[in-house]
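Two complexes, one shared chain (subunit A), two partners (subunit B, subunit C).
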Partner chain A sequence: MTSWKLKAFAAAVIAVVGLLAVGRIAVYMVGKHEYKQPARAAAQAPDTTPREKGIADEHTAQENADKAKPYVEAEYRTFPVVGSRVAIWVVAQLHLLFAAFVLAVPIFALIIEFIGYKTGDKRYDHLAQEFTRLLSVSFSLTATFGAFLTFMLIALYPKFTNYLMSVFSPTFLPYVLLFFLEAGFLYTYYYGWGKFSPRIHLLLGLGLNVVGTCIMLIANAWLTFMTSPNGVSEKGALISTWDAVRNYTWMPINVHRFIANIAFGGSIAGAYAAFKYLSAKTDEERAHYDWMGYIGNFVAISGFLPLPFAGYWLAKEIYAYSQTLGLTMMGGAFSWLFIIQAVLIGNLFLGANYYLWLGMGRVEGVNPFQKYIKWLLLGVAACFMVWATPHSIIATVSEVRAMGGSTHPILTFLGVMSAKNTAVNILILTTYMSFLLYRRTGKVPTVSWARAGNTAQLSIFAAAAAFVIFLGVYGYFVEATVRIKLSVPQVSSVLFTMISVTIIDVFMYRKAQNTGVVHWGKIPVISQYVLIFIAVTFTWLMGLMGYVRSGLRQHWHVYGVMRDTSVDAFTPTLGFATKVVSVTVLIFFALIGFVFWLASLHDKRDWEAKGVSEGTVPLKTGTVPMGEEAKA
Partner chain B sequence: MIDKIPSPLKIGVLVVATTSFYMYVGQMVPQKEVYPPVEVVLKADMTPAEMAKTGREIMDGKGLCFTCHTIGKKEGPFRFPDLDGVDVRAKTRKPGYSDVDYIAESIYDPNAFIVPGFNPGMPVINKPPIGLTDQEILCVIAYLQTLGGQTTVTMQTKIKFQTGHDTAEAKP
Partner chain C sequence: MKLMVVLPLLAAILALRFMKANLFTWIATIWVAFFIAVRFGFSVPIPSSVVGIYVSVASIALFTYVTSDRGRLKAFVAPLVRLMTEKRYTMLLALVVLLVPTLVAGNVYRTMSAAVEGPFFSRTVHPAPPAEITVHDKKFDMITLQNPFRPLEKDNPEQFKVHLQNGRKVYYQNCVFCHGDSMAANGMFVHALNPIPTNFTDKGTIAMLQESFLFWRISKGGPGLPEEGGPWDTAMPAWEHFLTEDEIWDVVLFVYDFTGQRPRARDESEKPK
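On to the complex of A and B.
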C-alpha cells in the first residue's frame, strides 16, 4: 500500500475513533451531568392498605376538627393531688399572714421610734430599727405570695376571678400604684435610718403606714364583697364599684384586721426576740432581747384586749347583713369551731398572763403583788372553762338517753352566749389587772391621794365585774329582743374600766419611787418559749378564723350571687380544716424562721479567709493591719 | 440533758407540738361535711301528704329553716318562734288573714309582721342564697299546716306573692 493510501486509512480510523469518542462524551455529558432545573418527581401512586387509609382519614378529620374548635372559657381547673380549694387556701393564708406582719411591724416600729424621739432614749430608736430589719424579706415574701395567689386564682378559678375583676377593675391600678409607693416608703424608711433628720424619718414611717393601710382597705373590699355583696344587681351585674367596696362587712373587717395585725405582728416580733434570747451568748444580749420580747408581748396584748370587741362588731354586722349567714356561723355547721377558738383564746390569755407573772421576777426584792396571782389564775381558769363549754355534748346514744337530751342538764347553761360573753369580758378584765400589777412591780406611788386612787381603781374593777356578771345572769330571764342587746353594756363597762383605771394609774405613778431595779435578762428561760407559744397560737387562730370567714359562704363564691359549682362546693369537716390550717402554720413558721435567720446575719461578723488573724482586714491579696488600710 | 439540745431544735419541737395539739382538738369535735342542698323534684299531682312530707324535707335542707326555728321546744332561750302548733296561731294572728295567707306572708315578706318578743331577721327565702321556688314554698306551707291543722293547699293553689315563675339562681 502506498504511503498516501496508508495515511488516508489512518486518517479515516482516527476520524471514526474521534467521532465515537465525541459521541461518547456527548452522551456522558448530556445523559448524566447536564444541568437540570429542580423539579419534583412525579408522585407515585400510593399503595395503601385499608387500615393505613383509615388512619390517614382519622388524622385528617382530627386536623379539621382542631381547626374548627371554638374557644370555650374554662370554669374551673384542677390542681393536682390536694385539689384547687386547698391549694388556693394555703397560698392565700400564707399571703395574708405575711401581709399582716408587714402591715403591723411599721405601726409599732413607728410608735417605738416616736417614744425614742420624745424621750431622747436611743434604746427605743435602736429597737424600732431592729424590728424594721424583719420587714425587708417579709415584704418580698408578701409580694411573691400575692402574685402566686393571683396566678392560682386565674388558673384554677378563671370564671370567678374574671367576675371579681369585672366588679373591682377600677381598684386595681390604685392598688398597684400604692404597692410601688409602699415599696418606696419601706426601703427609704429602712435604709434611711439615721440618714435623715428624726422628723423626716418619722414622716417616712407615717407615710409607710398610711399607704400600707390603704392597700389593706382595697384588698379587704374584694374579700368582704364575697361574703356580703353590694353594688350589684340580683343577677350579679355591676351597678356601682364604690358600693361594692363599701359593703356591709368591709369596715368591721378593716377595723378587726387592723387591730389583729398589731396583735399578731407583736407576737411574731416577740417570738423573734425569744429566738434571739435563746441563742444569745452574753448577758448583755439576753437583757436586750428580754426587753425586746417584753415590748413585743406588750404590743400583742395591747392589740389582743380590744380584739374581741372588734370581733363582736364584725359578727353583729354579719347578722345584720344576713340572719342566715350569722346563724350558719354561730348555730350551724361552724358552731363547734368556736369551741376550738375558745381553747386557742383561752391559751392566749393564759400564756400572756403567765408571761407577765414570770416577768415580775425580773424586779429586785420581794414582790408584794405576787400573792394576788393565784386569784387571778383562778379567775382566768374559771372563765376559760365556761368559754370552752359547748352547748351540746358529744355523747353516745346511751349517754344522751341518760341526760334526757343532747344537752347536759347543768352544763347547757354555760353553753349559751350569756355565759360566754360574761366569761370573755371577765377574762379581759383579769388580764388587764395582771398587766397593771406587772406595771406597778418595783414602784411605790408618791402622790398624796395614792390610797384614794387605789380604792377608786379597785371599786371600778369590782363594779365592772359585778355588772358584767349581773347582766350575764339577767340574760337567762329575759326574751331574745332584750338579751341580744345586753352585750353592749357589758363591753362598754369593760372598756370604761380599762380607760378610767389607766388614766388614774398614769397620774398616780407619774413620779413613783423605784424600790427595785429591773434586771432585764433575769427571767426564767421558759418565758421565752411562752412567747413562741403565743406567736404560734396567734398564727393558728388567724388561720382558723380566716377559714370560718371564708367558709361561711358555703357553696357560694359570692354569697347569693355566684354559686360554686366545682367539685369543692361543700363545707369540709372541721378536722380537715384544722389539718390544712396546721400545715399552713408550719410552712409559715419555716419561712419566718428563714426571715429571722436572715435578720440575724446583720449581727454576724463579716466573713474572713482562713488564716487571717484578728485585728487585720483582708484585701485582694494579703492582709493589712487594722488602721493601716488607709495607707495601703 | 435537755440543756444540751440546741435551742432552734427545741423551738421547732415546740412549734410542731403546739400545732399538733390544736389539730388534735380539731379532730375531737363532731365532724360533719355540709353539701349544697339537693333539688327536690316536684310533681303537679302530689297529694297533700306527699306535699307535707316534701315540705318537711325542704325545711330541713334547702330552706335552712331549722337553723333558726324549732318544733316542740318548750323552754330556754328562743332565737325565733317555735313552730309547734303554728297553724293554730296562724288562723288568728292577723284579722282577716287565713292560715295560708299568714304563713305565706311570713315566708315571702317576713318583716311585714314580727311576732312580739322577737327581733326581725328572717331572710327573704324565695331569692338567693336560699332561693325556694313557688312550688317548694307551697310544700313548706303544706307541712306547716300539719303543725296544728290540716293541709289545704295543693300544687295549684295561687298565692298573691307568687311571681309566676320559679326563682332561678343568679349566675353572672
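On to the complex of A and C.
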C-alpha cells in the first residue's frame, strides 16, 4: 500500500471516530441538561381529563344502546345520486325489455321453423336458428336484471316488497320452477338444433313458448295488482290470492303484452338483420340479411296491427275500474304523453309502410303499384294527424280567446276517442293494403276470376272503411257508454277485412305468374336505418307507456290500498320521465349491441396465431390429436 | 274555413296539374299550401302548437313519399341539381341563397318581437278526481258515487222534473254569469276570466264524464283542483260553501239536460269487482 493511500485511510477512520464521538457527546448533553416542560413530562402518564372520560363514557353508552336496540323494519332506503325510484325504474325497464325480447323471439322462431318444416325450405330453418342465437345471452341478461330488480326492491322498498310477498307468495315457487323449465327448454331448443327429429324440436319450441308465457302471466299479476288491486280487504289484508291474480287489468295486460312482445321482438330481430346487412361484405350476405330484416319487420307489423285494439281494451278496463285512473291517464297529467305516443305510433306506421314501399324496389322492372303510394300516404298522414290532435291543447292566452275556450271548435272533434279510434282503424287498413300491394309486386294472377277477386277485395276494403268512418261519426251522437262499445264493430270489421282479403289473395295468387325477379339485397340502404328506427321507436314507446301504466297510481304503491310515503311519492313530470326512459333505451341498445356482437362471433373465423399459414395445425388444444400434431 | 285562403291554394294546385310541373315543384307547393291552409285557412285559428304537429307530420310524409322510390328521388333532386350546376340559373340561385337566410332571419325577428303575452297554457280539460272527497263533512267514494236523482228520470219523471227545475234555478242564480245563457262559456264575466270557463255544449267536455266528476268539480271548484300536471288557474269558487249537496246534484242534472248530452254512465260490466 502506498503511503498516500495509507494516510487517506487513516484520515477516514479518524473522521468516522471523531463523528461518532461528537454524536455521543451531543446525546449525553441533551439527555442530561435539556429543559423539560412539565406538560411534556406529564404526557407520559395516562390522560385522565374529564373530556376524555366523557368521550369514553359516551362510547360505552352508545355500545350499550346499540346492543339493546330493538329491530324496526325500514320502510324505505335511499339509492345514491339518482334516488330509489329512478334506480328501480331503470332496472325494471331493462328487465322488462329483455324479457319481452326473450319471450317474443321463441314465438316467431317456432313459427318460422314450422314454415320451414312444412315447406321443406331449409332457409326458414336456418333463419329460425339464427334468431334463436340471439336468445341465450339475452336470457342471461333477463335473469340478471330480474335478480337485480328483486334485490333493489328488497333493499330500497322493503315494506312494499314485503306486502307484495305476503299477497303473492304462493305464486313465487311456480315462478321459479317455471324459470328452471324455461332454461331447460331454451338451451335444449338452441343446442339441440338439428340433433333431434324436427317434430321433437318443434315440441321443444312449443314447450319453451308455453313456459315463457306462463312466467309472463305470473309477473303480470304482480304489476296489475298494484294498479287495480283485488282479493284484499279495504285495509289491504289478503282474502284470496287467486282473486288478487285475476284482478281487473290482468287479462288486458296479458293480451296487450303478449302481442306487444311479438311486435317488439320482431323489430329487434329486424334491427339485428339491418346491423348485419350494413356490415355485410358480400352480396350473398346482403341478400340473406335483407330477407331476414324483411321477415323481422313482417313479424313486427303482424304484432303491431292488432296492438292498438289490445291497448284500447286495456285503457277501457282501466277506465271502467276507476274514473280517476281513466282521467289521470287520458284527460289529466298524462294526456300529453298520449300525444307523444300518437306521434311515435304514427311514425311506426309510416316507417312500416315506408319499408314496404322501399321493398317494392327490389323487384325487377316497372312496378305498377307505385302510383297508389301517394294515396296510401295521404290516408296514413291524415290518420296520423287526427291521432296526434290533442284534446287538451297547448295555446297562448290570445289563442285560447280566439278559440273561445280551451277547446277548438273543429279540433275538439278530432281530440276525442271517436276520432282516434277511427283514425287508428283506417291506419291499420291502409298499412294492410300496403302490405298486400307489396305481396303482389312482380306477380300477375293467372286465375280466371282475378278481376272479380280484385273487385271483391276492393269492395270489402271500401265497405270496411266506410263502416269504420260511419261509426266514428255516429259516436258523436250517442252517449259515452254506447260510443265505447262502437269500437267493437269497428275492430271486427277491420279484422274481418284483413282475414277475408287475405283468403281471397292467397287463392288468387296461388299460381301467379312472376313478371319480375326479386333481388334480395338490392334495397336502398335507408331501408335498414328504417328497421333500426322502428326498433328504437318501439323500445322508446314501451318505456313511455310503462311510465304511464305505473305512474297512473300516483302516490300509491298499491292503488287505494298502500300509500307511497317515500320522498318520491309524486308523479314525475313528463320531461323528466322522457329523459329517464331515453337513457334506459340507450342502455338497452348498448346491451343489445353487445348481444348482436356476441351472436356475430358465431360466423367469425377461429383465432389463429400470426405466421401460421393455411393448412398448418392451429395452436389450439384439443383440435388435433396429440399424435397427429407431432407428425405435423 | 276561410274560402279566400283555401280557394287560391286549390287553384294553385290545379294550375300545377295543367302545367305538368316537376316533382320538386309539386312537393314544395303542397308543403307551402298545407302550411298556409292550416295556419291561416280556419276562421277560428288553430293554435301554433297543433300547427307544428300537423306541419311536422306533413313534412315526414312528403319526405317518405319522395325517398320511397329511387326514380322519384332522382326526379325530385334533378331540378335542385340543375339549379346549382347550370349557368343559366345563376341569378335564381343567388336569389335563393339570399332568400333562405332572409326568411329565417325574418322568422327569428317575428318570434322575438312578438307582443308581450302570457306563457303557453296547457290547461288539462279533464283533471283526474281524487279517489275520495269530503263535502259538507260527508265522505264520497268517487269510484261508486252516482247522482242520487238520476234514477228518477225513469222511475218518477214528475219528481225528476222538479229536480231539473231546481237545477235551472241554481244555474241561473249562480253559474250563468261565467258559463253563459247557452252554457257555451259566453257569460258576461268571461272577458275578465283567464282561462275562460268550460264550454258545456262541446261534445268533448261533460259528455265524456260521469256525473260524479261534475259533482266534484262544482263542490270543490278551483281551490280543490289537484296539483299534478298544473297550472290549474281557474276562478271557479268551491260551491260547497254556497250550495247544498242536493242543489249540486240538481244543477248537474240540469246542465246535462239543457245541453242535450248524456253523462258517461257505468254499465253493469264496468262495475269493479
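Assume the second predicted complex is superposed on the first by the 567 of 632 C-alpha atoms of A that agree within 3 Å, B and C clash if a C-alpha of one lies under 4 Å from a C-alpha of the other, contacts with A are read in each partner's own complex, and residues count from 1 in each chain.
The rule we apply is simple: contacts are C-beta pairs under 8 Å (C-beta built on N, C-alpha and C of every residue); 3 or more make two chains touch, one makes a residue touch a chain.
As the structure is a computational prediction, the values presented were derived from the model and not from experiment.
Model built by superposing both complexes on subunit A: subunit B and subunit C clash. When the two complexes are overlaid on their common chain A, residue A:L429 makes contact with neither subunit B nor subunit C.
Contacts of A:A221 after superposition on the shared chain: neither subunit B nor subunit C is touched.
By the touch criterion defined above, A:L437 reaches neither subunit B nor subunit C. Of the two partner chains, neither subunit B nor subunit C is touched by A:L208. In the superposed model, A:I526 lies in contact with subunit C only, and not with subunit B. In the superposition on chain A, A:A577 makes contact with subunit B only, while subunit C stays out of contact range. When the shared chain is aligned, subunit C comes close enough to touch A:V380, but subunit B does not.
Looking at the shared chain after the overlay, A:A599 reaches neither subunit B nor subunit C.
In the overlay built on the shared chain, the residue A:Y476 is in contact with subunit B and with subunit C. In the superposition on chain A, the residues of subunit A touched by subunit B in one structure and by subunit C in the other are 322-324, 327-328, 331-333, 336, 339, 343, 394, 416, 476, 479-481, 554, 560, 570-571.
The part of subunit B that touches subunit A in the complex is made up of residues 7-8, 10-11, 14-16, 18-20, 22-23, 25-36, 64, 67-68, 77-80, 117-119, 121-123, 127-130, 169-172. Contacts from subunit C toward subunit A in the complex involve residues 42, 44-50, 53-54, 57-58, 60-61, 64-65, 67-70, 72, 117-131, 142-143, 184-186, 194-199, 202-205, 207-210, 212-213, 226, 228-229, 261-267, 269-273. On the subunit A side of its complex with subunit C, the touching residues are 228, 230, 243, 248, 320-325, 327-328, 330-336, 339, 343, 346-347, 350, 353-354, 357-358, 360-361, 370, 373-374, 377, 380-381, 384-385, 388-413, 415-416, 476, 479-481, 524, 526, 554, 560, 570-571. Of all the residues in subunit A, the ones that touch subunit B in their complex are 163, 232, 234-237, 274-275, 278-279, 319, 322-324, 327-328, 331-333, 336-337, 339-340, 343-344, 394, 416, 418, 475-476, 479-481, 483-484, 529, 532-533, 536-537, 540, 554-556, 559-563, 569-575, 577-579, 581-582, 585-586, 589, 593.
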